[in-house]
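The same subunit A turns up in both complexes below, where it pairs with subunit B and then with subunit C.
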Partner chain A sequence: MRRLIAGLWLFAACTKDPSAGFVQTKAEARNYDCQRLSQAEAHERYPGVVPEVPPRGTYGSTDALICSRRVLDWGDREGRDEAILNSLGEQVSELTRLATSTAPEHTTWYVDSFYPQPQVAQKIAIAARVGLVERGQKVSDRVPLLGGGDIAVLARLPPGQAYDLACRRYFAESVLARGEAFLALMIVDARESQLHAGVCLDGAWRWLL
Partner chain B sequence: MRRALWLVLVSTAAHAATVEAPDAFAQEVEDARNEIAAQLQLHAYDLLDELVFRWTQEPPFENESPLVLADVTVPVGFGSGLQALIENHFVSLLVKNPRAKLQLVHCPQCMAMVVHSGAKGTVVARGVDEPETLAKAGVASGSRHALFLDFEAEGAALVLRVRITSLEPNLPIVYARTISTTTASPSLLRSEDKLKSAAEARKEYLDLLEGKGLLLVPISFAVRTYQPNPNAFVATAPLLWLNVGIEAALSQARAWTASFSAGITWAPESHVGWSLTGRVGRLLTGNTVSLTHPDVYAYVGGSVISMYGTGALAFRNNIPTPEDLKASTGTTPNVIFGTLHFGLMARLKNRIAVSAYIETAPALNGSPVLGNFIDLGFTKLQTLGFEVLFCF
Partner chain C sequence: MIRLLVISFVAAAMSACVTVYQPVTTLQRPVTVDPGLPNLEGLNLLVRCVPSGDGADQGESEELCQNMQQLYSNQGAKVETEVPEEEGGGATKGGFEDWGEKAKPDLVIELRARRLHWENSPVLWALCYASLTLVPAITEATFAQDVSIRDADGFLLIQDTLQARFIRYFGLGFWAVNGLLDLLVRPKGQGLVGNNHKTDFSRDFHGQMSQLAFHARMRERVLKSFEPEPVRPVEGQEGGPPPKGKAKKGSAPPVTAPPAPPTPSRAPLTAPPPPPPSGSKP
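Showing the complex of A and B:
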């Protein structure tokens, strides 16, 4: 009897159990990001939800499973966009770290991104600009532009050659000068969800990732 | 789950239903988006509050500077409605916090598309992206800086990236910050005109959570009603009680409480009495008291009740006889007995509560005057009590 009551109590207490089961599907369960914390840390972060550790301790180790619901469920946005945006901060942070190591101090950075969706491309470029400033770099909000003839030629080349040629054209047209670097972030293949980056410095193109 | 159910229903429905399906689906998507936007809005406000608070502590410019709010972008998938809410809140924050040393200026030309033809070609761009074009056109907004706010949903976190660009030909970024929160954390909901640091807001939250401290002074007005014995020719009138006591929470979450109170009762020409009551309560509606919803406690307790006067004769195990009543004219009958009770209490924060309980007085199980609400066999529940409590 006591076990039954305990079981019922546990069942009632687990109404927000994030795992898949009777109350939610696997697809719904995937929309939670969960991490396990000690009771003390969980109380520190969520004092209104997790009670404090009793002063005399507990008989067993008690922990808390902290689950955060995603802002947008998987499937609400186009798959490739979601994959990029889901870890935008991490990916761009890594790329800007690599980029700053390739250029001397006091370099002025220009940033642009090349992605099929203009809204997402804008997000990537903004994240990179802000990331570079936060690393103490001089960054311009201006986007270096080439002429229409250059664009028409570059659009017909494979990415491996197009970015290299574009870099040389930036310097030939004096769009970029010495002491200025251009960081480009892009996806190379339309089917991939991994950001790549390259730096154009002194007329030479270098792939970072 | 709902969407899957909807799809099943649609697949089995008549052809006419499939004609209406796209509208219903669009409505469902719109409802979902509105629901998410409503939650997202508070977190976006929180990030803006934090941003402006930081500016009040450490302004981005030494002197008061005019600023154009050039762009507000919201997470991919959201529309201009959320954008407008965010923009309004941000403007309100800057107006109410002059210590940020930023003055928003109106510059419609900065947002408009401008066309500039030169030796290198023709450029079509927004005014803020072509400041030299604005200058040549003689547009003087009075601002030398443009502010860009960008929000993006990254997994469970909402991220704000803010940058201020100097409106010079090279558009140097003079200020940039990233502020992130997770949507799992509750919004701080800081007041716009009295911004606080996150640490101060957390302390306020904890103070609120803990109520007025671990000790409370509850004052209650109670009524005890007694079931009359169907075989008795007298019945006991309800007793009115005024109780004052002290309640201690056994933890800051107030999940367990213990209280002790003293009460008095009086009725003209009938009785006067006192009681001492002790109780232990357990919160049923969670592990900690709620800031927004009433809390429900279950409690058990015991009382010692003493009564004087003719009204006390009803609390004896014999029927008052005329001789008893006659004898009582010269003296003051008195009775003292113990009770046990258990009940439920609904409490709104630590302010006001209503409570109901059922009580047994084992010493009065054989009373010919008192009946039973419930007969448990080993004891009888003779009393129903109701209380209204005010806590101080």
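Showing the complex of A and C:
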């Protein structure tokens, strides 16, 4: 009898299944972010929804598929922006962790991001500033700028040379001084959806990731 | 006549399967590389498909490696494949590899499949047969594909896990209703009956694998501070890869634009690598 009830329950549960079916299309089903957890872990996180593991074990499934509907559907934003923003927290956290390990304590940080969409670039820069502040760093709101002549030259160089030269110019023009570091976050190829970063410190450019 | 009808019904019922594919983790992430373009031009890749118990046996691993070879070859890479005899055999595990007389690859892509979940209720199968397959029997499995990409020295460039869930409904009623919905209601590309799950999974998987390989390539270049890549003459041609274009962005250093579209002849991709649950595995 228990098996029959379990089977009927499983059948009824299909109506809540996040996969495509009678009630939702494949495109709609893709807008769920899911993860599979053990029943014990799922119960710990969602005690009202997932029952506790019985002390004598269970028959059948002992894990749970936890899904949440995305706030913005895939496709609402441009693909690269979506991919970057979707993992912005993790990417920026990793990059700021690496950045802080390159500079001495009490360094003042300047941050800018180089990304084709200005709105997304701004979000990246703000996330990096917040990430640095959370790590106890002193962060300036000011963005270091170079003159028009420098920009004209830099724009013609490939990224490998442009950032290095820009860093030297920042220092030569006293835009940055000793004890100040510039963290730049960027993509270097239009086909990428991952962020790279480099640090300009004492006139020397260093790629982080 | 009745016997013929019964046989036809049984035959129809036996083949009445609908497999639904659902991307679980990262497979639905947007892809910004076009797998049809030479994103990996001039690279030497080693693709290693490690067989692992529940996830992929030796044969499936070989099929996966062949598939990846075709995927990356179409993007301009020179691809070697390797399927270790058993789990762990010949795999990097992050250590230094002695390449000996073999050509040192630029990237080593290692794939390991795992089966995370398997559900197949005997009660539902009993109900299915008792109702002449009007009540569907449901078999569900979730697979994970662990991808790690290293350089030839074993430095880890990219690590990711792609997860997919496959739900197979067996039953004439379910199949017939979905067939009708595909025909009359669902827009093109949203159908569930037939091999749609394979097409969808293949598109997602190939897209993500292309993106990961491209990211690894870019990360390697950045970590090496854009050292000039060694010029590898292509067969029948001289010189290296074409120079990349540049895009200007405000007062910032430039973000490079994608290279010009290539025009090499490319073979079409074959069937997707890991098959959905077939019910043959306990």
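Going forward, the second predicted complex is superposed on the first by the 161 of 209 C-alpha atoms of A that agree within 3 Å, B and C clash if a C-alpha of one lies under 4 Å from a C-alpha of the other, contacts with A are read in each partner's own complex, and residues count from 1 in each chain.
Keep this in mind: a contact is a pair of C-beta atoms (placed from the backbone, for glycine too) under 8 Å apart; a residue touches a chain by one contact, two chains touch by 3 or more.
It should be emphasised that the depicted structure is a prediction, and the values quoted were computed from it without experimental measurement.
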**Study point:** Touched partner set for A:63, first subunit B, second subunit C, both or neither
**Key:** second
Practice item. May I ask you to decide whether A:112 touches subunit B, subunit C, both, or neither, giving the answer as first, second, both or neither? Key: second
Review point. Who does A:72 touch here: subunit B (first), subunit C (second), both, or neither?
Key: first
Practice item. Using the superposition on chain A described above, determine whether A:154 touches subunit B (first), subunit C (second), both, or neither. Key: second
Review point. Is A:25 touching the first partner subunit B, the second partner subunit C, both, or neither of them?
Key: both
Review point. So, A:88: does it touch subunit B (first), subunit C (second), both, or neither?
Key: first
Point to revise | Which superposed partner A:101 touches (first subunit B, second subunit C, both, neither) | key: neither
**Study point:** Which of subunit B and subunit C A:123 touches, first, second, both or neither
**Key:** first
Review point. Is it subunit B or subunit C that touches the larger share of residues in subunit A?
Key: C
Practice item. Report for A:194: first if it touches subunit B alone, second if subunit C alone, otherwise both or neither. Key: second
Point to revise | Overlap of subunit C and subunit B interfaces on subunit A (superposed complexes) | key: 25, 86, 145
Revision key, fill the gap. Listed in rising order, the residues of subunit C that touch subunit A in the complex are 20-25, 28-34, 39, 116-117, 119, 121-124, 126-127, 135, 138, 142, 163, 165, 167, 177-178, 181, 186-187, 189-190, 192, 196, 200, 211, 214-215, 218-219, 221-223, 225-226, 244, 246-258
Study note, to complete from the structure: subunit A contacts subunit B in the complex at 24-25, 28, 33, 45-52, 66-72, 76-77, 81, 85-89, 108, 117, 119-120, 122-123, 126-127, 129-131, 133-134, 138-142, 145, 147-148
Practice item. Spell out the part of subunit B that touches subunit A in their complex, as residue ranges. Key: 1, 4, 32, 36, 40, 73, 75-77, 120-121, 123, 129, 148, 150, 152-159, 161-163, 165, 170-173, 175-178, 180, 182-186, 205-206, 209, 251-253, 255, 287-288, 291
Review point. Subunit C touches which residues of subunit A in the complex?
Key: 3-4, 6-7, 10-11, 14, 17-22, 25-27, 29-30, 32, 34-36, 60-61, 63, 65, 74, 79-80, 82-83, 86, 112, 114-116, 118, 145-146, 151, 154-163, 166, 184, 186-194, 196, 207, 209
